[in-house]
Each structure stands twice: as structure tokens, then as C-alpha cells.
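Read from first to last, the chains carry the letters A, B, C, D and E; within each, the first residue is number 1.
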Amino acid sequence: LESPHEFHSWAHTDWITLNVGGRRFTTTRSTLVKEPESMLAHMFRDKDVWGNKQDEQGAYLIDRSPDYFEPILNYLRHGQLIINDGINLLGVLEEARFFGIERLAEQLEGVIKNSQPPEDHSPIS
Amino acid sequence: LESPHEFHSWAHTDWITLNVGGRRFTTTRSTLVKEPESMLAHMFRDKDVWGNKQDEQGAYLIDRSPDYFEPILNYLRHGQLIINDGINLLGVLEEARFFGIERLAEQLEGVIKNSQPPEDHSPIS
Amino acid sequence: LESPHEFHSWAHTDWITLNVGGRRFTTTRSTLVKEPESMLAHMFRDKDVWGNKQDEQGAYLIDRSPDYFEPILNYLRHGQLIINDGINLLGVLEEARFFGIERLAEQLEGVIKNSQPPEDHSPIS
Amino acid sequence: LESPHEFHSWAHTDWITLNVGGRRFTTTRSTLVKEPESMLAHMFRDKDVWGNKQDEQGAYLIDRSPDYFEPILNYLRHGQLIINDGINLLGVLEEARFFGIERLAEQLEGVIKNSQPPEDHSPIS
Amino acid sequence: LESPHEFHSWAHTDWITLNVGGRRFTTTRSTLVKEPESMLAHMFRDKDVWGNKQDEQGAYLIDRSPDYFEPILNYLRHGQLIINDGINLLGVLEEARFFGIERLAEQLEGVIKNSQPPEDHSPIS
């Protein structure tokens, strides 16, 4: 986990803003590349990678759900899976798989298996 | 479902911002035309279609509810119906019908039938 | 209810942005005047009515709650009363009365009567 | 309560935007001074009072929680205490006391006493 | 606790905007340094500290979750731990520890111990 001392390194890191489905998320390059095999690590490992498109304010465009991206980004920040009540876990799982964060996807599958009673009728496709 | 490889094609696709009832959603033309018979496919199949109006920031104007549009857009992104707790399914159904996404409307009708007990008093007109 | 064909008329209608208590809502003049006896119809029936004030971005100012205005505006869009869980129905009723949408206020009074058990202690004045 | 006729006076009143903890609320001077003994009445009774600071967009700065300010402002608008499910009543009470709206604070204390069972463990300090 | 009289000192204090994960929070320097041993006090005790980075609008960048930062900031404003239903307490605890607000972290640990039944399956890592 990050400590206050690590925090001061924020002055030296690259800050990156993402436009995920229309909502802006601000984070650092080191957070985005935390999971080395993920799509985000591939996108942001090197500066000015071929294939990333930015909006008119310089935020990198990602065509995904902002609501379900939020816990994904927090997981990259501190390594914990923390989700508010009412957020559909299947939505977060969909994003974890899309972004190729395998450890998180497996953890979510376990949580979903434990939390969903067999008589559940919540919308899944 | 989209794979990381498909993702890199984001650099070559058109990004489109919608202003749905005052909230901005950013997505791609390929997402919006995913359901070929839908109104969104009709609106965005060809560039510069006659009849689409944009706000002063270039977002296409749609006079509908942003809250209920969100799961519709996610469905177009990955083909899954995923809705958070507390969101009124009848609101999403109303949008699915308005936008002419028939498969989604049918799926929602099934979910609503299963989830609403006969003694339910939630507001419907 | 509106059909896809009616939708294409959006190109020919006036788009109007409201600033309700600090949040912006974008809609059309035809939505706002749907209920002919309502205050919104009186405000927006004619262009450039005396008495409407706009903010610096051209949105018409309304000193009311944005949270409770949202289902009111959706009602004007499609004629359905659809409210998410957790939204206080008394808040929506207060707005329906303020804006003079009588049919909606009556419908809400019926829903509230049915949904509130006698032992309920939720905050009402 | 305000009537549609009173509404038309919006053209003649001062519109004021507050920046409460980073979120903007737009309202009128007459709403803010509704409770004559409150801090908001003291702040906004006279134009250009000594001691109010504005952000770069002209919104008056208030270092408090926007979530809990929202029902306070609605109370000033129409005199009703209306709070959505899930909003912590202690947060609204804290703001009612801070802003010196005594009648509202007393009403909230009554609601809290009635709504909180003795075995409740929700976070209070 | 702050009184209305203390409020008037807002005219003389420094206002600071934070960009926490993409959402803006406006507060005062005196709020941010309230807990003398915390990271926020270290960051903002002196003006123009080495190591704080600002976005293009002058907001200080912090790579953390805005949702869970909100109750932390409110705690610094008035000394109360107040959290809405549905907000994951583990998320707030993670931030309290990250920002080094020890008294708040201990209080949260107590609340979590009391509120989580042993059979709980909510997502924790």
C-alpha cells in the first residue's frame, strides 16, 4: 500500500485524465499501469502510444461505463475491491474482464457466487 | 464481445458525444449503430445525417432521460443488460422502446414480470 | 407516445436548456408545453416571454430542486410517472404542485397513499 | 407556499449561485433570506456584504457538504423537510445547526429520535 | 464546532480546490490542516509547498476516490463521522488510513466491527 512518503512522488509522476463514457477520471500513469497484463497498462505504459485518442480537453477516450469503471480504478489505486451497495457486481465484472484485470475478475466471480441466492431475479442477460 | 485487440481500433473510429437531457455521454459510432433496426442506428449510421441537431459543444441533442439511457448505452457496448439496484426497470423499458431496441425491450419485460410481486405499489402510470 | 418518426422532428423544434437549482436540463419547447395549464407551458409557450431570466450560458433559471424536477420532466416527455427507489415521493409531489401539473399531482397522491404505511416515520413537515 | 404568480417575480429578483464544497447551487436572494435569523440571511440580506468571497465564476464560497446542503436549500424554497432514502439525517442536522435554521434543526431532531431504533449502529461520532 | 461568527472569517482564509480523482472539492486551508499529523496538513500547512501539483484550473491533484473522500472532508469540516447508507465503510477507512487521519480510522474500525455481521458477504479483498 502507498504511504504518505510515496505520495510526495505525485509531483514527479504523469497525471492522466480519462474520459470514460463522458465522465472524467483523473489519475496517474503509475496507477494505470499497475496491473502489467491489463489493457490499461498496454495503453499507458509508454507515453504517446499509437492508438490512444484524446478529447478536446486532452482526456483519453474510453467507450465504457463510468459507473462500473470507478471501482476498477480504485482497485488499481490501492489493491482493494470496494463496491458500494446497489452497484451491480456483474457490471464491475464486465469491466474487469474488458480491461483484462484477471485477478480482479476472479475475485469478483467469487463475490458474485457468494452474494447471489439461487432465487435471485436481478437482470442478467 | 469486444477484445483488447478490437479496442485498439478506437483510434480509427468516430467518437460521438450525445447530450441526453442535459448530461453528456461519449461513445463511438460503432456502438450507436450496433442494433441495426434501432433509432440510434438510423440516426448515426451515416455521417452528417439530415435531422440531427448538436449543442454548442457539438454533442447531439436527445430529449430523453439520462438516468435510463445509461444502461441502454451499456447494452449497446457489450450486449449485457446490467442495471443497478434502485433504478426503475420501467424507466429503462420506456427508453428501450423509444429507441427501438426490440430485443432489449423483450428482455426487460421478462425481468420486470419476474421481479414485481403482485402486491407491488411502485409508481407506474 | 412518441414514435421514431416523431423523433426526426427534433431537427425542427426549439431546444431549451433549464438551470434548475444549479443543474442543467436540456429538452425541447414541445416537451415543456405538453401540459397546457402548467406553469412550464405558460413560461415557454411563446418565444422570448417577458419574465424568464437566463444564466450566462443561456439556460432559463428556475429556483427549485433538480432531483425532484427530473421525474417531472420525464413525465412531460412520455406521459409516464417513473421514479427510482429512494427518491422521496413527497418531493416530486411538491414540484408537481408548484409547476401546476394537476394530473400528475393527483397520480402522486394516490401512489403516496398506497405506499406509506401508517407507522411510517419518514420526514414530512 | 409560492404560487405561479409569485413565480413571475423571478424576473425581478436577484439570482445567486453558491459554491458549496465544490458543487454549484443556483437560487434567489429571497430564498436565501427566508429564515431571518439564519446565517444565510445574514450573509445575503444586503447586496455586496462585507465578508462573502466568490470563486472565479462569481459563486459565493461556502465550506460545507453539498449533499447535506441540498435539503436545507429545498426547505428554504418551500418550507418542507423532504429527504431521500439513504441520506444520513445527522448530516442534514449538522448543516441546519451550522446555518442557524433553528426550526428545521428541531424538526430534524424529532425525526431522528423517531427513526433511529435503539439498536442502531449507523456511524455517529 | 464552528459558529456563525467563525464563519465570517471565511473572507480572510485561503480557499483551496482539490481535484480528487476527477471531481472538484472546494474547501479552506484551515479545514485541510485541521488534523495536524495528517497528510493533508502536511500538504497544505504552508503555501506553495514543494510537491503539490495543480491541474489547468488550479485544483490540487490527488489520485484517490472522490466518493470516499467526501466524508473525510466533512469530518475535517465539523469533526463528525457521517456517512450515507450504501457507502462502503471500508472505502472510507481506506482513505482515512491513506490520508493519515488516525482518530477517524480508529472510529471507522469500531463502526465496521459493529455493523458487519459474521455472515456478511460484501466485497472485501
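The working rule: a residue touches a chain if its C-beta (ideal position, glycine included) is under 8 Å from a C-beta of that chain, and two chains touch if they have at least 3 such contacts.
The model shown is predicted, which means the values in this text are computed figures rather than measured ones.
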### Message
If I superpose the C-alpha trace of subunit B onto subunit D, what rotation angle comes out, expressed in steps of 5 degrees from 0 to 180?
### Response
145
### Query
Approximately how many whole Å separate the CA-defined centres of subunit B and subunit C?
22
### Task
Please work out the Cα centroid separation of subunit A and subunit D, and write it as a whole number of Å.
35
### Task
Indicate the residues of subunit A shared as contacts by at least two other chains.
85-86
### Query
Line, ring, star, complete or other: which one describes how these chains touch?
ring
### Chain order around the ring, beginning at subunit C and proceeding next to subunit D
C, D, E, A, B
#### Entry: In the complex with subunit A, residue positions of subunit E that touch it
19, 21-22, 39, 42, 50-53, 55, 61-65, 67-68, 85-88, 90-91, 94, 98, 100, 121-125
#### Entry: Touching residues (chain side subunit D, partner subunit C) in the complex
1-2, 4, 7-8, 10-11, 15, 17, 23-28, 31, 70, 73-74, 77-86, 89, 107-108, 111, 114-115
